[in-house]
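Below: a set of structures, written as structure tokens.
Next, two complexes with chain A in common: one pairs it with chain B, the other with chain C.
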Partner chain A sequence: MAIRIGGRFGALLLFAFLPLPFTPIHGQVSVQNGLAQFLTCDGPTQGEIILQNQLETPLTVLLEIDTLLGSKTLFRIPSEITLPPIGRISVPYTWIRPDSMPHGVCVFISCPPKQISTTAEGWAIHTQLRFAVKLYRGCLSEQPEDIIRVNAQFGSHTLSWQNVGDRFWKASVLPMAHVGEPSGPDISLFLVPHMPSVAMQLPQNTQFVLATDEWGRQLGFRFTEYAH
Partner chain B sequence: MFAYALAKGNLFHFNIQLMHIFKQGNTPLFIAACFPFFLNAQNTGNQDLDFVIDETAMLRLVDANGSPASMLNFHLLGPVVPGQGVPSIQAQSSYLQYTSVKGASPDDTRQIDVEIVGGALPSGVQLTVSPSLNGTGTMGTGSPITLTSGNLHGTLITGIKSAYTGDGPGDGALLTYALNFATQNLDAATSGIVTLRYTLSNS
Partner chain C sequence: MPIELFTWAKAYALGSGMILAQGFQYQHHAWAAGAQWVPAALERLQTSQSGIYVNTPWGDYYRGQTPLGKGQFIRVHSAQHQIQYFHQNNQHWIEWSGNSSFGLKRIVQDHQGWLGEGRWHNWTYVLRSGGQGQLTFAMPNLSVRAMRSRSQWQSAIRIRQATLQVFGHSQWNSTRLLFQQGGHQFFFQETHGKEGLNLVLYGRLQLHQNIIWGQLPFGEAQTPWVAGWRHVNNGKIQAEFQTSSSTLFRTASGSIWLGPTWRIGLQKNPIGWQFIAQHPSIRIAGRWDYFSIEVRHHFKFRQQTSIELHDVVILKDPELHIVTQGMHQHPSFLLYVLDEHGNEYPVHLLSGEDQWKWHLPEGTYTWKKPQRSTAPGYTVLFSPEAFTLKRGLTTDQVVQVAKQKTSIHWL
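Right, the complex of A and B next:
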């Protein structure tokens, strides 16, 4: 008995055995060298974002720029890049015409949005994923006492820092129960000019805080209920 | 002694020790003591160990089976008895799986934000996304976010340091999506797709 396969049944059967077309799965790209970078004004003007593709097929990734500080026309990065299967790639970026002013951009990394069909009943929630990588370039302040504003909230043991100057400031903050007696590990601090204050939660028994910057300059605070 | 001095990177210290032994007139003792080290001298060396740790940021959304999830459907069925309001619908869920390896400031703390970037919730309809965090390490702190036509974004998880959720079924931050509405605010003409976007960034 001969089995004849053709017509619509054959087409259906053929479709069933064909491999399904590849559908990009959101979230299969990752960032491998951090979500924030800082280049000093006397250092290199080029950097890189390292992306990794977990898929066994090439993956297209979009990179969009949003300005945080200064002008985004001073920043250059590819807007789209294709990652090799199961591989990582370095996406170079350049600060062009660098100057001593503070600059910052946010690079949003995502896969192209999937085509979705509309629904006739109720709502459907479609989800997307993306990474935000913040990139800064500028000079570090050597005089923190002139550019830093600090507010302390005694009840919640919170210390808020704000940079009111034009330069960046990096420091290591040591909370202490008594002078010379740490109440917790060092907390790294990076303050961007003209940004809202950054709140830092401190261990409950903290009485003193000592911030030491790149040059070894120190700012000390006594954490009392009168501190402001 | 030689091995110790070599390991400490301090050959000067070793030479001082040799001079001290010679001065005491213990040459035979010295040779006997050091003979094995001289035999092995050519096989000894320094090796620098260079550690590079990726400052990883990884994120994906999966369903209860661990399969990629990018769509959730809410079908609001009419009531079975005339005069009743549209019954509430069951909340749905998905799992946000992530791996985070923090670095020094400015990338020492991370957060995940959620926002509506496509479509719109009808007036009077609220979508609450509630995270329940599970994993290893400093996973952060989750806060429920209620999205409406007037509130399109919020920070879902803050304070993520170095942590991972696991990648199996049921692993990850459980996200519960609850739709709250009142029948009088519903308009079937507004059915459609609402696109939510999750963003992992440094704080």
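Right, the complex of A and C next:
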């Protein structure tokens, strides 16, 4: 039986000819306690990023800071650490001279790139992962009577939010097909002041959305309508 | 131990079109399973068949392509014993091997009957049903062997490097006298019978990286003469040439390594010339009537196992605060500092205005002058060029980063 190119055998051949998409990517370093953290302005000024090395060789980890909000010099974190083999380390960070203004940084975590080499055993494919951990510090609305300034815009089964105030805002968003009839589970919302809008995907039959913050304040929207 | 997957695929461009053969093996510890598909049209070129197989710590099963050819093969083994069974074209072969009394090492039963093989002190024996067999007495400088099969018998005696062999059917008809020393070999063989007397002289000499050999016949038999030369240059270059009075023995081949991974070569046999380019992952071969390309790949999948993590405390003291002046946005540069004992420590200069380093121990350091390849296109200057780190203190270090100015070519 002669097997010609094409069909399932051709697909198998492709599997052998194109190994790259199937090559597993081994994480060189991984972040264990989330890719976003928020410290309130009346809380602690120090936090930690927990890093883990699952390899049996030590790793040098680089931490590069990019400012998202406010001044970068108010934030301090070691920029280069050595992770021992099969080790976990807590990298402390500090918000220096804390104030009530909203601050945010993005810490890019990566390992130095290795030399790409071809060995006698075949081709070596080096992959590099870079984690972006967003760290925020600022004030939430402290009083129920504080004014919340947010914009909300319906799209095609999406709702885009933007915080135009000076305080961070946390809320729980409930999509509804009719008033009192949820069309899906609650969605957590965290809005950073002055940041570009964030869009959330809504279930297909959503006609109403109700956002409730920790003070119990509620914002209701009707699909295709704009309100706040 | 990772899970490994080996795959290969081979495409042949023959006169009628393109045909594929392919296979895979999945392996984990001593467990493996694999399959290969070889179209019947390729069996002549590929010299292997379609088949499946399973390897376990206690035995193996092959169907189709087996270690003994096309058929079915089963092997079961323990630390002391092994039983193998092979079945092909309604004929079977079964073998036991291990240790037993009388030095018995192996018993085989097949369509020719029974065979037993063993070793006792300096004696080795092979006994086959039908009165056939072989008996050998071997010591470092002396060995004697007598062998009898269905149609012929053979006796041999070796004293040091010289061996005398006598062959016959119903009666003595051939003698060979062989001398071996290192890589050198020389033999003289006479064959006498109804066709008359024929003599063959054979010699093989190893001279450093070259081997030359030749065979010279005398007599009425149509034995061809042969002369050959092989050159091996530390494995980098290999060349072989053989000529003969018979076209069957006229061959030539040559190969050369290109770098650590590629080897290319030409080969001539009675069918014609063949070209080969080989890499651990790719093999390309071509002849006047076909062309083939083979791709191999080896995947390793790390298992998600629960590992015991070691929590490590990161110490802040001492602290180096690097303030970058000039260009803040630049690629990361791998720089080095030297302590008072000459030990080298890496320091990555990342983009940004401020960065804190906690990985250097207490001591006095000087910056190693960056090489051109460290920060290509940039100038990196340190102020001061030495600094001291002390516990409880933060040491400031200014690093000036500037883009190198290129010369202007005025038109």
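As a convention for this text, the second predicted complex is superposed on the first by the 168 of 228 C-alpha atoms of A that agree within 3 Å, B and C clash if a C-alpha of one lies under 4 Å from a C-alpha of the other, contacts with A are read in each partner's own complex, and residues count from 1 in each chain.
Just so it is clear, contacts are C-beta pairs under 8 Å (C-beta built on N, C-alpha and C of every residue); 3 or more make two chains touch, one makes a residue touch a chain.
Because the structure is a prediction, the values reported are computed rather than measured.
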| item | value |
| --- | --- |
| Touched partner set for A:Pro185, first chain B, second chain C, both or neither | neither |
| First, second, both or neither for A:Gln128, with chain B first and chain C second | first |
| Partner chain in contact with A:Pro44 - chain B first, chain C second, else both or neither | neither |
| Touching partner for A:Ala36 - first (chain B), second (chain C), both, neither | first |
| Touching partner for A:Pro58 - first (chain B), second (chain C), both, neither | neither |
| Which of chain B and chain C A:Pro203 touches, first, second, both or neither | neither |
| Chain C-contacting residues of chain A that also contact chain B | 26, 118-123 |
| Residues of chain C touching chain A in the complex | 7-9, 11, 17-22, 37, 39-41, 260-261, 279-281, 295-302, 307-314, 316, 332, 334, 346-348, 350-359 |
| In the complex with chain A, residue positions of chain B that touch it | 54-61, 68-76, 94, 99, 103-108, 110, 117-118, 121, 127, 177, 179, 191-202 |
| Of chain A, residues touching chain B in the complex | 25-28, 30-38, 50, 106, 108, 113-114, 116, 118-134, 136, 170, 188-190, 192 |
| Complex contact set, residues of chain A against chain C | 1-5, 9-10, 12-13, 15-17, 19, 22-24, 26, 52, 54, 60, 62-66, 72-73, 76-84, 86-92, 112, 118-123 |
